[in-house]
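Mind looking over this structure? Questions follow.
Letters A, B and C name the chains as they come in the text, with residue numbers starting at 1 for each one.
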Amino acid sequence: MATLIQQVINGLSLGSVYALIAVGYSLVYSILLFSNFAHGGFLVIGGYICYGTLRTFGTGIWLSGAIALAGAGVAAVLTERLAYRPIRERTNVTLYLLIASMGMSIVIENIFVIVAGGRFRALPPVIPTAPVNLMGLATTSAFDLLSLVSAVVFLGALQLFLSKTRWGLAIRAAAYDLRTAGLMGVNVNLLISIVFFVAGALAAVGGIFLSVRYTLYPQLGAITIKAFVAAVIGGLGSLPGAVVGSLILGLAEMLTAGFISSQMRDLVVFSMLVITLLVKPTGLFGKSVSEKV
Amino acid sequence: MSGYTEGIIILLCINAIAAMGVSLLTGFTGIFSLGHAAYMALGAYTTAILTVQHGVHWFPAIMCGGIMAVAVAFFIGVPTLKLMGDYYAIASIGLGEAIRLILENWQSVTRGARGYPGIDPYTTLPVAAAFFVVLAICMFNLINSRFGRACKACRDDYIASSLLGFHTARIRVISLMISAFYCGVAGALLGGFLSFIQPVMFDMLKSTELTAVVVFGGLGSMSGSLLGTAVITLVTELFRPISQYRMLIYGAVLVVIMVLRPEGIMGNREFLSWVKAPFRRRAG
Amino acid sequence: MGEGSFPEAGRMSAFFELSGVTKNFGGVQAVSKMTFSIARGELAGLMGPNGAGKTTIFNLVTGVYDLDEGQIFFKEEDLARLKTYQVTGRGIARTFQNLRLFQRSTVLENVMTAAQHHVPYSFAEGMTHLGRWRSGEKKIREKSMALLERVGLADRAEQAAGTLPYGFQRRLEIARALALDPELLLLDEPAAGMNAEEVSSLNVLIREIHRDFSLTILVIEHHMDLVMEICPHIICMNFGAKIAEGTPDEIQNHPEVLKAYLGEEEVE
């Protein structure tokens, strides 16, 4: 029983980190209707900036974290400006954006391979990982609770941003119909930059937590595929869906790892993707985007 | 001809076969795939196991390798390709991962991450060249037929193509199955060339290389994919010293081409059109 | 609702019929209890201001959208059960308001892609270029070129479709639709963006193909001049519902029609 509760908390914790990544990815998808495969790159950038500032400047986690978020956000905006905007302005073939995003993902990952080396790096222990006893029912680590809480805080902040600010409203309108939002006077390019900044920042938070959990290495971004799957399960383009899908995925992974085998984790994730596409392709909350004919 | 040159030509044939498969899927049918090396792995391992452990002759074994790839492609393709959007791309990443996991962990059958040695070197120059020529003729014929036009229609406008009577989902799945066959055969030939295969040979680097080749040559040009294969295979050989930068270069190629010249080198023209063009202009 | 000279045909004899067709999008009723029928061989027009629901009707007929209520019959078959790609096989072809050509392909290839529908040869024949491939391709090419001649685009056969002037792109779409050998041709705003001269020659073309190909044609237009000039049978709609039906004379003086168009600037 204790193991079950432990794995559930593990799963929710992992799921909440996936949620941070999946939400950013779904946010971009809802506006531009393409899968930004470079999203994992922002995660890695966030992780390395945090590591770098912690190590080199010895700053506390709060400042390092903030710098990492800003850095990843800026990197995301630059990616959009340099790689996606020129394509977007010339053509509406999303295949080109997909290919470019894949290219960017590889470029970012390999820049780190070359510059930082493929070593696994452990972040300085600034995030507590001490075991915590939950009312005698189970033991979990402070880290799991912290990542859960942080995810809630950041996602809550995002929710406030989207529902209570002018730009949030603009983003929601653009998610519904980008061209109309533009015609209504929204500065579309600026809006897209803001969306990418937010997505990058969220990915960075996820990256920091993941680098504590799994250590930091250039291919850490590959874990984003699970966030993609979570987003599909929840419904591409739906932010609540991304969160729910991520939690489901995290739980499924941890329960599989705990009760079946660790190797089967990824197979379970993949199977969940295929099952979703077979049974309910639009996901739990997804709206099917219909083209104007 | 020296052994080294022969080896390069064999490698060119193998890479070209795989590139044609990816070209059909991505360039002509518009489906982005990130895990095509998985089909090469399926072909390679199936053929290796059949020839080494069951004494099957290499020709039927290679066919089985291709068919195995086709079968898996069918199972992945049917649920993911009836949906428009990036679902197949995401699933293909997952497929690549799933295949890698199976290959590394099912040690009793695949000998695990250490690799599968002792494959009979059946891929001689005549064998590789023969496979290449036959498969190339079939592919060029296909794209110059009803099926080729159907793929392009589905790529360019799935709503219009539905209303021209095309069963878009089915065409996409068929295209995927053909491309999987080509990659499966290429993988099987690779095993017979190196006498040794390892899961890591069929990783993201290989998948990316295949996509980069097709993008570079031109999405929608089969000749372009062949040209791209020749360029990248030769460059890879010449620049062995900087091989750790290969991934970075492939990634950069993808981005740069998409931004600067998305039609790649050949656009959607084929070699033959260059020959015909002067005659056409004179007539019209 | 005026029906003028066209009482609703009984179900048994109607060639193409809508009955109580309704389609909602969220809270908006795009099409509301739409009912009309068209006899074989007619050249009919579907008119109405922008946003009246005309294209939605085409989308419902061709299976792009699902019906919420009502039925659509073509040659006495209920179209609602068909998938989009099956509609062509029943003999219906359409063009699109926003043009859906295969931009990267040549003019000829666009038409060939449609023409091949009726010239089957097997996959194996396609892969080996044996058997019926050569004769099939020849037939497809000849049929397509003939259609291009018909619409005046034969000399641009090898041009990329996306590079054609706008008016020619519209003609190409018509040629492509004709290549399907349809019995019912649905033209969605074929004159959009054309000047007066182009509209005149389009009128001539539509009349010609109506006669030469023995077609039944339903044209959507919100410009009055095209429809009034060539369609003896006009259905007028607004806000998703039918407001009038009859001959051009009857429609021209119909109070509901005038009300619908009053205040709407004719873009010419």
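Definition applied: a contact is a pair of C-beta atoms (placed from the backbone, for glycine too) under 8 Å apart; a residue touches a chain by one contact, two chains touch by 3 or more.
The shown structure was predicted, so the numbers you read here are calculated from the model rather than taken from an experiment.
Annotation of chain A and chain C: jointly contacted by B, touch as defined at the top.
Chain pairs A-B and B-C differ in how many C-beta pairs they share in contact, with the greater number at A-B. Distance from per-chain Cα centroids to the pooled protein Cα centroid is smallest for B. The mean-CA centres of chain A and chain C are about 46 angstrom from one another, to the nearest whole unit. Distance from the chain A centre to the chain B centre is 31 Å, each centre being the mean of its Cα atoms. Taking each chain's centre as the mean of its C-alpha atoms, chain B lies 41 Å from chain C. Multi-chain contact residues of chain A, defined as those touching 2 or more other chains: 293. Residue positions of chain C with contacts to 2 or more other chains are 64, 96. Those residues of chain B in touch with two or more other chains are numbered 159. Chain C makes touch with chain A in their complex at residues 55, 59, 64, 96, 98. Across the complex, chain B is touched by residues 62-64, 84-89, 93-94, 96, 100-105, 109, 112-114, 116-117, 119-121, 123, 125-129, 133, 136-137, 155, 158, 176, 180 of chain C. Across the complex, chain A meets chain C through its residues 292-293.
The touching residues of chain A, counted against chain B in their complex, run 34-35, 37, 82-83, 86-87, 90-91, 93-100, 102-107, 109-111, 113-114, 225, 228-229, 232, 236, 263, 266-267, 269-270, 273-274, 277-278, 281, 291, 293. Every residue of chain B that touches chain A in the complex is listed here, in rising order: 26, 30, 32, 34, 76, 79-80, 83, 85-87, 89-91, 93-95, 97-98, 101, 105, 159, 208, 211, 215, 219, 244-245, 247-248, 250-256, 258-259, 262.
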